[in-house]
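Pasting in a structure now, in C-alpha cells, and then I'll have a few things to ask.
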C-alpha cells in the first residue's frame, strides 16, 4: 500500500514536470464570483485579466493559464475543497486569490503539504501568513492602516479624545485595537470603543450617542459596501461634522466604487489606505485608464483590483525568473523581498522575513472635485510593515 | 437631568423614524399573511422594487423626489397584481413548506434580476434640498429627512387606518380576515379582495422601500438582508392586524435605538431575545388572534 | 347511585365576555345511548372539546369513571378511555385506511413510542386494526389512501379510529354529517351495533337519527342545559319545541 | 406511500404493512454508487465527501420536515454547533475524530432537545421565526466569542489525529471520503430503522393530522421534541464531519442561508421519502459545481427558478417525478 502511494506520487511528479515542459504555468485563482461578495471577486478577476492581457508578452514563450474557482463567500470548507481540487486535479503550480481570512487559513495545511506557493490577494488578518511558509501576501492588514492612522490622529491639533465605532467581527476588532493603540501611544485617550452588530440597519442611534459624547475624533470601521454607505449617511444626517467631531477611518468607509452614490457626505473625512483610484501617480493613471478602456468609463478599480494586480505582477516575476519552470522553494525565495515600484499604489514589497506586504499608506481627504467626491491623497507614510508583527512576535518554532 | 431628557428624545425620535419605514414596508405583509394565510418570504422584493423605481426614475428621467415616491407605490402595486394573479394565487391552498420555498425562489430570482439590470452597487438617492440638513427645535438639531419620514409615516398610517376602518373595501377586508368562509357566504368576492389587498400591501412596501432608500440603501441583496426584520415585525405584531405590526415596529425601532444608545454591548442579541421572548409569551403575536 | 361513566359538574367556559358553557351539569351512565342536541351555536362542539381536553374550562369539574380528569391533557384522557369522532373528518389523508387505524391501535397498545424495532414486529397491532376494518365492513379499502376513499366510507374510518382506542366513553360528533341520505344508514347500523359496554354520547342535528339511537336526550341552548329526559319527554316538551324543534316545524 | 400499497396488492393487506420495512434492492443503489469514485474519480473525493456530509445533513432535516412536518429555517444551528464542537476540540489538542463526532452529536442533540421543548409548542410563522431567530442568535454568539471560535476569521489550527489511529487525513481526501461514507452508512441504517418503527409511523401521523393524533392519545409534543433532538444529533454529526474532514470552521456553517440551502437540496430530491436527500444533494451540488463555474454570477437565478418550478410543477422533487413516470409506465401496461 505504501509502495503504491510512493509510486503514485512519483508518477504525479512526472506528470507535473511534463506539464511544465509545455511552457504553460498553471495558476489556481480562488475568489468569490457568486453570492453577496460576487462584486469583489469581479473587481479582482478584471484586474487579473487586464494584467495578463498587458503583460503576456513579457514571459513569452511561457504562457500562464488561470484556473478560476468560486468559493461563494467566507466558506472555508468550499475554498479548501476547491484548492484541494486545483492541486490534485488541475495540478496547479501556484495559487492566488482568497478574499476572506477563514478561506486563506483553511488552505494553509494543504499548501504546506503540497508545497504550492500561494499569494494572497486580499485576506487581511495579520496572523494568516504565519500559518504556512508557502504564503506571501500583497494585500494589506488591518493594523497596517489603522495603527498609523491612530498615531496621526493623536498628532492633530485639538484632538485629545477619540471614540471608536467598529463592526462587531474579527476585522473590526483588529481595527479597533490597532487604532486605539496608535492613538493612545501618541498621547490621546480613547473614551469609548463601541462595536456595532453586523446586522445593524440603522446607524443613526450609534452616531447620536457619539454626538452626545462629543469626542474630538471618531474612528469608524465597517466593511466596504452598502454598510459603509449607510453609516456615512447617518454621519451626515446627524450633523456630526458641524458638531466638530472629526471622522477618520480606513479606506473601507469611503470605497472608491461607492463614492458616486454617497451624496451629501461632508468633505474633509480623513481615511488611511494603501490605494485610491484618484491617486495622481503615473502608474496609477495608466492603470485606471487601461481599466476604463477595457471595462467602461463608469467602471472604477478599487483596492481589491490592485491586490489582484500586484499578485499577478509577483506571479509573472517568479515565472520570468524561472523561465516557466516553477520550483516551490525557489519561488518562495523569489517572492521574499520582491518589489514592484510601479504598482498603481506606488512602491510595494513583500517582506523578506515575514512574507507579508510592505507598502505606502496614504492619508486621504474626502474632497469634492468637479462636483464629484474623491479620496485625495494628502500625506504619505512610506513603506509601512505590519505593526501587529512587532507587537506579537512569532512564538519560537 | 437635561442629559437624560436629551437621550430619551434621541431614542424616541430615531427609533420612531426607523419604525415608520419598517411599518410601512411590513404592514402589507401582515395583512396579506393574515388574509390569505400565505407565508410570503418574497415581500422584501417589493420594497426593493420600490426603491429601484424611485431612485432610477430620479436618476434617468429627472423625476422629482415626491412624484417618484408615488410612482414607486403605483408601479409596484401594478407589478404585484401580475405576481398575485399569475403565481401566488396558484398556491393559496398549498402547504406552508411550498409557500416558503416558492417565495424564497422568487426572492432569489429577483436578486439576480436586480443585479443584472442595475449592477451590484447600491443606488444613489438625491434628496431635494428641503429635505437635507437639520431642523433646529428646542435648541437641538433633528435630521430633516427623519422628521419628514415621521410626518409622512403618520399621514400614511392615518390614511390606511381610515381606509380599513371606514370604507366598504376595508370592511370587506376585515370581514375576510376574521372569517373567510363567512365573508364568502355574504357574497364578498374574496379572490378580487385578495388581489386588491395584495396590491395595496405590495404598493405600500414599494413606497416604504422608496422612502427608506436613503437609510436602507437599495441594492440586489436587499430582499434577504432585511427579510428577518420584516418578518419579526409581522410575527411579533400578529397576523392580519394593522395595529400589531405598528406596535411591533415601534418596539423594535425604539427598543433597538435605546439598546444601542444605552447598552451597546448587548448588540444584536436585543432583537433576538425580544423576539423570542414575545413569541413565547404570545405565540399568535401581540395583536394576533389564535 | 352507580358511578357515572362520565360526569360534568358546574362546567363554565368563557372567551372574554362571551359565555360558551354555562354551569353545565351532566351525567353519562355506563352503557348509555345519550344524545346531545341543540340549535346552531348552542355550544355542542365546545362542550365536546371541553370534555376531550382540547379546551380548558374556566371552572367546573369533569369526572371519568369517577376520577377527576379536569386537569389532564387530551392524551391522558384518551388513555383513560375517552374516545371521540369529529364532525368534520380528521383523518390521515395521505395514508392508507389500514395505516390510519393501525396508528390508533398501536398508540392504545402502547407500542407507538417504540423507536428501535420496525413496525412489522408488532404484527398483532396490524391484525387488530384489520379486524376492526372487517367489522365495520371497510376491509376492501384497507390499502387505499384515505383521500381516495368515498366520503361515506371515510366517516366509517373516522369511527374506526375512535373504536381502535377501546373507549369506555365514546363521543360521536354528528357521525353522519355530510353523508348522502342513502349511505347514512350504513353508518347508523354500525353505531347501533356498538358494544353495550361503551357509554355513548352522540351530538346530532338530525332528529331522525337522534330518536332512532338515543335512550336519553340533553338539550343545550346558549351553552346551558335546557332540559334532559327520554326522547318522548323531549319530543313532548313545549320549551324544546319552541327553541329547537320549532325551527323544523316552520322550516 | 402509494407505490408500496400497489406493490403489495397481491399479498394480504396485513402482510403488506407488516413487511413494509423490508429492504428493497434499489435502496442499496446509493451504497453501490459510493464505492467506484474512490478509485475512478479520486481528484473529486473532496467534493464527494462534502456531498456525503450534506446528504447526512439533509437526511436529518427530512426526519423533522418530511416525517414530522416541522418547517424550520434554523436547522443549520445544529450543523454549526456540531462543527464548532468538533472543530474547537481538535484545535485545542483533542484531534481524535470519533470521540469528536460524539461530542458534536451530544452538544447539538442537547441544544435540539432544549430548544425543541421551548419552541415546538408554536407553529406556522411563529415557529418559523423562532427557528430563524435561534440560528441567528447562535451565529452572533459564535461571531462574538472570537477567543473560542475565531469569530469571523474562522477557527484555525484544527489538527486531526489519524482515524482509528491508522489513517491520516490526506491531501486527496481519501480518508475523509471513506470516513464520511461510513458515518453516513451507519446514520442511514439508524434513520431507516426509525422511519419504519412505530415511532416513525406516528411522526407521519403528526404531519398528516395533528388534531387527530391528539384525539387518539398521542403525546404529540413529546414525539416532536424527541425527533427534533434526534435530527439535531444527526445534523451535529454532519457538521462535525465537515469540520474534521476540511479542518476548518467558519461562521457560514451556522446561517440562515445554509438552512435554506439544505432545505432546497432536500426539496429538490423529494421530501419525506428517506432518499430525497440522496438524490437532491448530489444533484444540487454537482450542478452548482459545474454551472457555477460557467455562470457563477447568476447561479442564484437558476436556483430560484428551480425552486419555483419544483413547487409549481413537481412537488415531490426528482423522486416524485420518477414515481410519476413509473406510474405512467405501469398503468400503460395491461
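Read from first to last, the chains carry the letters A, B, C and D; within each, the first residue is number 1.
Keep in mind that, in the parts below, a residue touches a chain if its C-beta (ideal position, glycine included) is under 8 Å from a C-beta of that chain, and two chains touch if they have at least 3 such contacts.
None of these values were measured; they are calculated from a predicted model.
Counting hops only between chains that touch, chain B reaches chain C in a minimum of 2.
Contact with chain B and chain D alike is made by A. Relative to the centroid of all protein Cα atoms, the closest per-chain Cα centroid is that of D. Distances between chain centres, each the mean of the C-alpha atoms, put C farthest from chain D.
Taking the mean of the C-alpha atoms as each chain's centre, chain A and chain C sit 72 Å apart.
Centre-to-centre separation of chain A and chain B, using mean CA positions: 37 Å. Centroid to centroid, with C-alpha atoms defining each point, chain C and chain D lie 41 Å apart. Multi-chain contact residues of chain D, defined as those touching 2 or more other chains: 136, 140, 144, 297, 300.
In chain A, the residues that touch at least two other chains are 38, 42, 168, 197-199. For chain B, residues that reach two or more other chains under the stated contact definition are 115, 228, 267-268. Here the touching chains pair up as A-B, A-D, B-D, C-D.
Within the complex formed with chain C, the chain D residues making contact are 1-2, 5, 8-9, 13-14, 16-21, 193-194, 196-202, 204-205, 208-209, 211-220, 223, 226. Contacts from chain B toward chain A in the complex involve residues 3, 6-7, 10-11, 14-15, 17-18, 115, 120-127, 132-134, 141, 143, 145-146, 214-217, 219, 221, 225-226, 228-229, 253, 256-257, 260-261, 264-265, 267-268. Taken together, the chain C residues at the contact with chain D in this complex read 52, 54, 73-79, 83-84, 86, 90-96, 98-99, 102-104, 106-108, 111-120, 122-123, 125-127, 130, 139, 142-145, 161-162, 164-165.
Of all residues in chain A, only 33-35, 38, 42, 68-70, 72-77, 80-81, 84-85, 87-89, 100-103, 105-106, 108-110, 113-114, 125, 127, 131, 168-171, 173, 197-199 touch chain D in the complex they form. Those residues of chain B lying in contact with chain D across their complex are 33, 39, 87, 90-91, 94, 96-98, 100-102, 104-113, 115-116, 228, 231-232, 234-235, 239, 267-269, 272-273, 275-276, 279-280, 283-285.
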